[in-house]
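One structure follows; several queries about it will come next.
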Amino acid sequence: MAGSTFGNIFRITTWGESHGKGVGVVVDGCPAGLPLEESDIQKYLDRRKPGQSRYTTPRKEEDTVEILSGVFEGKTTGTPISLAVYNKTQRSGDYSAIADCYRPGHADLTYDMKYGFRDYRGGGRSSGRETIGRVAAGAIACKILEEFGIKLLTYTKSIGSVEVSPARFDAGQIPQNPFYMPDAQAAQEAVSYVEKCMSAQDSTGGMIECVVTGMKPGVGDPAFEKLSANLAKAICSIGAVKGFEIGDGMAVAKANGSQNNDPYEMSPEGEVIKLTNHSGGILGGISDGSPIIFRAAIKPTPSISREQSTVTRDGRSIHVQVKGRHDPIIVPRAVVVVESMAALTLLDMMFASIHSNMENLVRFFKNC
Amino acid sequence: MAGSTFGNIFRITTWGESHGKGVGVVVDGCPAGLPLEESDIQKYLDRRKPGQSRYTTPRKEEDTVEILSGVFEGKTTGTPISLAVYNKTQRSGDYSAIADCYRPGHADLTYDMKYGFRDYRGGGRSSGRETIGRVAAGAIACKILEEFGIKLLTYTKSIGSVEVSPARFDAGQIPQNPFYMPDAQAAQEAVSYVEKCMSAQDSTGGMIECVVTGMKPGVGDPAFEKLSANLAKAICSIGAVKGFEIGDGMAVAKANGSQNNDPYEMSPEGEVIKLTNHSGGILGGISDGSPIIFRAAIKPTPSISREQSTVTRDGRSIHVQVKGRHDPIIVPRAVVVVESMAALTLLDMMFASIHSNMENLVRFFKNC
Amino acid sequence: MAGSTFGNIFRITTWGESHGKGVGVVVDGCPAGLPLEESDIQKYLDRRKPGQSRYTTPRKEEDTVEILSGVFEGKTTGTPISLAVYNKTQRSGDYSAIADCYRPGHADLTYDMKYGFRDYRGGGRSSGRETIGRVAAGAIACKILEEFGIKLLTYTKSIGSVEVSPARFDAGQIPQNPFYMPDAQAAQEAVSYVEKCMSAQDSTGGMIECVVTGMKPGVGDPAFEKLSANLAKAICSIGAVKGFEIGDGMAVAKANGSQNNDPYEMSPEGEVIKLTNHSGGILGGISDGSPIIFRAAIKPTPSISREQSTVTRDGRSIHVQVKGRHDPIIVPRAVVVVESMAALTLLDMMFASIHSNMENLVRFFKNC
Amino acid sequence: MAGSTFGNIFRITTWGESHGKGVGVVVDGCPAGLPLEESDIQKYLDRRKPGQSRYTTPRKEEDTVEILSGVFEGKTTGTPISLAVYNKTQRSGDYSAIADCYRPGHADLTYDMKYGFRDYRGGGRSSGRETIGRVAAGAIACKILEEFGIKLLTYTKSIGSVEVSPARFDAGQIPQNPFYMPDAQAAQEAVSYVEKCMSAQDSTGGMIECVVTGMKPGVGDPAFEKLSANLAKAICSIGAVKGFEIGDGMAVAKANGSQNNDPYEMSPEGEVIKLTNHSGGILGGISDGSPIIFRAAIKPTPSISREQSTVTRDGRSIHVQVKGRHDPIIVPRAVVVVESMAALTLLDMMFASIHSNMENLVRFFKNC
């Protein structure tokens, strides 16, 4: 089944695998008249590119995006925007070890089970390079959301047991450290922890948090197309994500209603305000205009150089060490992927929310 | 936007609100030739019906399902199966209090923001009665999955801080206690805890876990249509769910790769086996044939009789006590809803997985 | 595969077969705040109900619609509208003849091929009664389109070789004759022709035309989602339709560019006007604001009492006479079905056209 | 709204406009294990490439396809296949005349109405070059269909009033003449007719017919997803198509039931055979295994060098002559586009037909 398309109205289709000719995305349903140039997209791609610190793979990939269609004289035309990132160096390498065995924690086994064989070079379609298309499209979604006054702030919330302290939270710190943490001290502790993992030939997981401000109320649908449900799908569609929570999240399982409900009050300006935001900005699947807050748990990089038990394609039990230098932690490079998937979801659902009431529609069709 | 349809190939569309003429679902894409009668569906509905214990609302609703189409001489015909549960007693009641104010933790405010007004009787479409259609359709999905050898076991994992003990886990206990817990002692402790919440005019949240056995490998897609992503959406589309996790879930954020990877070994019978199942049965979005395990965090019932701050539709800050007897905990009745949504997702994705390789397809079209 | 859903944003799902408990439709994505009562829908259903003249089946079916959900205090709530028409008289009848053989021109054979068996009572899901759900939903679509200033006029263009004369075209005549022809004289000739078919134990086909006025420009998409393509699908999804054409239609195959192109001119009021409308109101798949004109060819009723060759389920060649009184012509009752499918398509595509340019979107989200 | 995606299970997304960097398509949902190389696709593209005769535009475009992803070691991997045709010569040209006025019969006006502006170079997205992606994807669909034993034969049925004679029908002639007609004599007459149009600075329309043999029975759905309905949409989504008919098509409007019904008989081998095929291989929306036959009416090329009335963007009535050499007839190059769209539809619907009965499904999941 076709599984490389995301979104209904603002819809993206990604393609490409780790070691093919390139990776890319077709963005369909982008409104006409948006100023767009390659640099708008490049700056998002640069946030996920490898080789930025000693905690990401040292592979040098420039990941330069090219706009192939859908933009004319600096503005989107309303027709599909095709974006491609070509692989500069067609890496051949020696994949015989990977080709013949199933790396623990990777999708090698399940690809073989599903398709009968697989492109074993660097993980093929299950490679992190698959996210390049998501980020390129997400950059456009973010640009449109900004025109509507909506902003996303995404960062690393924790690495192993090193957690950002709410008291020291400083958004300005995010781009200042290799882990995109909004807390300089936590980032420093994370450095020590990740170094320790590296010396132990091991890797670590972490948590990413995203806060959306300026959100319009009324976005999302009552039943299956809840805004929260679509965010859950979007975020859990990122390779390494094993958990998703919104607002108080998993903690609600231990909470009482009297703590968890957000009481309302009228502001002096006559607007309804919520005194707390345990719900994370969504009630009954519909945004209430307060900040949307959610988190994603990212598993540790499965590629570790420590020895592991596994089996070969032809059915022998063996021990394997995954060679090469790999990211000891996926989290920092996943921050912009989480932000992109959230932006794509929010935008698509805003577009879908336009039709919810007659009065607005009649006004729209009268004016346009 | 149309948000009441779930699934692509096995597709359901639900309708109905709390105090209308009834609620129902149209199940489209059900294969022909499945033996089906109302009792197959009724037994699932009975698991969510109210009034089963003193910990669920004492409203007496029989919730009797009627098959209106799609079944002929005891077998499904391949055409849409329309299922309806009519409201026996058209409850009128006095909703003036609810109509004029926004109950904290409910969707009252967001419905007004989205639609300009709302059906305020008993929550309208945001009522728990919306899940009747999901469960009725889920019963059919479960029946089909059973024919493929797939079973779902769903239960309450925790209530407040009372947790099921792995050591005492006993599936036979699940239908024996009002909380559907697989642990008699935990269920007893939960009784005390919930009673305490009730006397405090409060409510409590909890955690639901689902284990799928007999799963086929190769189900799910690499990019956006990961099996895990679709489960996340399905489960987070249930009203009270605030978090979803698969396998080790949120805990992976603190884990190391060497712990989190599941090593492989050849079984004496020559099959690949996983020595652990931290991944919860899904790798790279695709099932590996081992049990799928996931959890959902359910928030405490927002309707509590304790006094809360809120505002009226016309902009006054007030205090409100939500009258009437409500479930002090949503969890037990949500167990079968979680199971239903999981079954619908698994079945739809199995159907979508059929086309993944040429060899199988050629064989299929040759034989049929 | 689920095939009973039509539309993306304004989406309907129909259910029901000829001799089950009833037929119905769930309308999802209807904006909130539309005044709606059963009589709005009933008047469309009355246009297709049987027994209106001696040229339609004399079966007495009241086909009374009931609104089961989605309307509160006389207005749509934005949630699914469930509409049902229950079969008053559960007809049992003797279907043994039909059950055992494949009626020529009917779907009996293909249903058995697809599903392995079929509900043989009155055609089951392939019965004309399947269109009740389409018409009920179409009534709502028409009502919304009217609020936007858009009207559909649908009528019988020809029956056999009796054709409406453009010179005598009079829309006022449409409801005045049993064939819904906008030409009294043609209607009279059609009476004679149909009588002749009836005495010959035969049936006849005909052509339906639909003209949409007040259409907004800019509706429809460049590639696969052309407005014309979606109209083609909608109309060809009606059981008896074997051809669809828009504007000059099939005749373009013989035309020259100089005849077929519609030249433009500025009106005295400074608006672009087309001097002709060979294109039928759509260019490049997008509406230009001029009337949309299309036609559908309807095949003769397959049920004829004349003897025909056929085979039985168990493989014997036989001769069959389809007993009972049947419509000698499907066309008149199909007029409102064509109108309904067109309205559903236009509305859904108008909703999809909202997102085509940034300027409008920014204005929309600023105002709402 | 995203309108550049076609198909549900075998799904394609096209991109690109006339004078951008290139055009292409992403084919998602292609089963793994299909042998595929660029030449498989190139031979279909070559059938639509310009400059093949004096009756197509003499522009020299090589239209060489490149596979960018989804194929590994000569076989499809089951992941998206990205195909691109880069524009070798970035044509700049002088489009000032076109940019400022609306060419009759083109989509210039409607694009401006929809998007507020347009890429005026060579028609932008409404250019015939948009069909390159369709044909590239169609080549893959045809290859898969062939593995299932299904073949499509597509040809020009008529040009102006020159029609192929059934008596002289010879499929071997199709690639032998510039018009792809299965009748050498008709092709010769067409040459004269088209020459006449050219000297009159005019263009002509024509009719394309497609015959599908080896079709599986049981493909297509009862209600909205009829095979005929989806073929209608697919074919009418091709730019110049103004009419679509299946089997006897428009002629059914004049037919009687006794002529139009296809009688059945048992063959000596004990198979059900249809004595005629007026229905064109589809009954009730479902294939019956006999040949599928349909036709598409193609309008005359709108670009003619004869003078026409039109208006400018700034509101002046003018006369225009569309300069440059254009195809005097679209039909021959559209033949392979019609075939491609038909193949894409058939394949997608075959994939969707797999789930129609339990017995087959249980067998499938047992075996795989």
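Descriptive notes on the structure:
Here the chain labels run A, B, C and D in written order, and each chain numbers its own residues starting at 1.
By our rule, contacts are C-beta pairs under 8 Å (C-beta built on N, C-alpha and C of every residue); 3 or more make two chains touch, one makes a residue touch a chain.
Since we're looking at a predicted model, the values are computed, not measured.
Common neighbours of subunit A and subunit B under the contact definition above: C, D.
Distance between Cα centroids is largest for the pairing of subunit B with D.
Annotation: C-D is the more contact-rich of the chain pairs C-D and B-D, by number of C-beta pairs in contact. Centre to centre, using the average C-alpha position, subunit B and subunit C are separated by 38 Å. Subunit C and subunit D have Cα centroids separated by 26 Å.
Per-chain CA centroids place subunit B at a distance of 44 Å from subunit D. Counting only residues that touch two or more partner chains, subunit C has 1-5, 8-10, 14, 29, 32-33, 78-79, 114-116, 125, 218, 222, 352, 355-357, 359.
Contact topology of the protein chains: fully connected, every pair of chains touching. On the subunit B side of its complex with subunit D, the touching residues are 8-10, 29, 31-34, 76, 78-79, 144, 147-149, 216, 218, 222, 350-352, 354-365, 367-368. On subunit C, the positions that touch subunit D within their shared complex are 1-6, 8, 14, 102, 104-107, 109-111, 113-116, 125-126, 130, 158, 160-161, 197, 200, 202-207, 217-226, 228-237, 239, 241-258, 260-266, 270, 272, 275, 279-280, 282-289, 297-304, 306, 308-311, 315-317, 352-353, 355-357, 359.
On subunit C, the positions that touch subunit B within their shared complex are 1-5, 7-11, 13-17, 20-24, 26, 28-29, 32-33, 66-70, 72, 75, 77-82, 84, 114-119, 121, 124-125.
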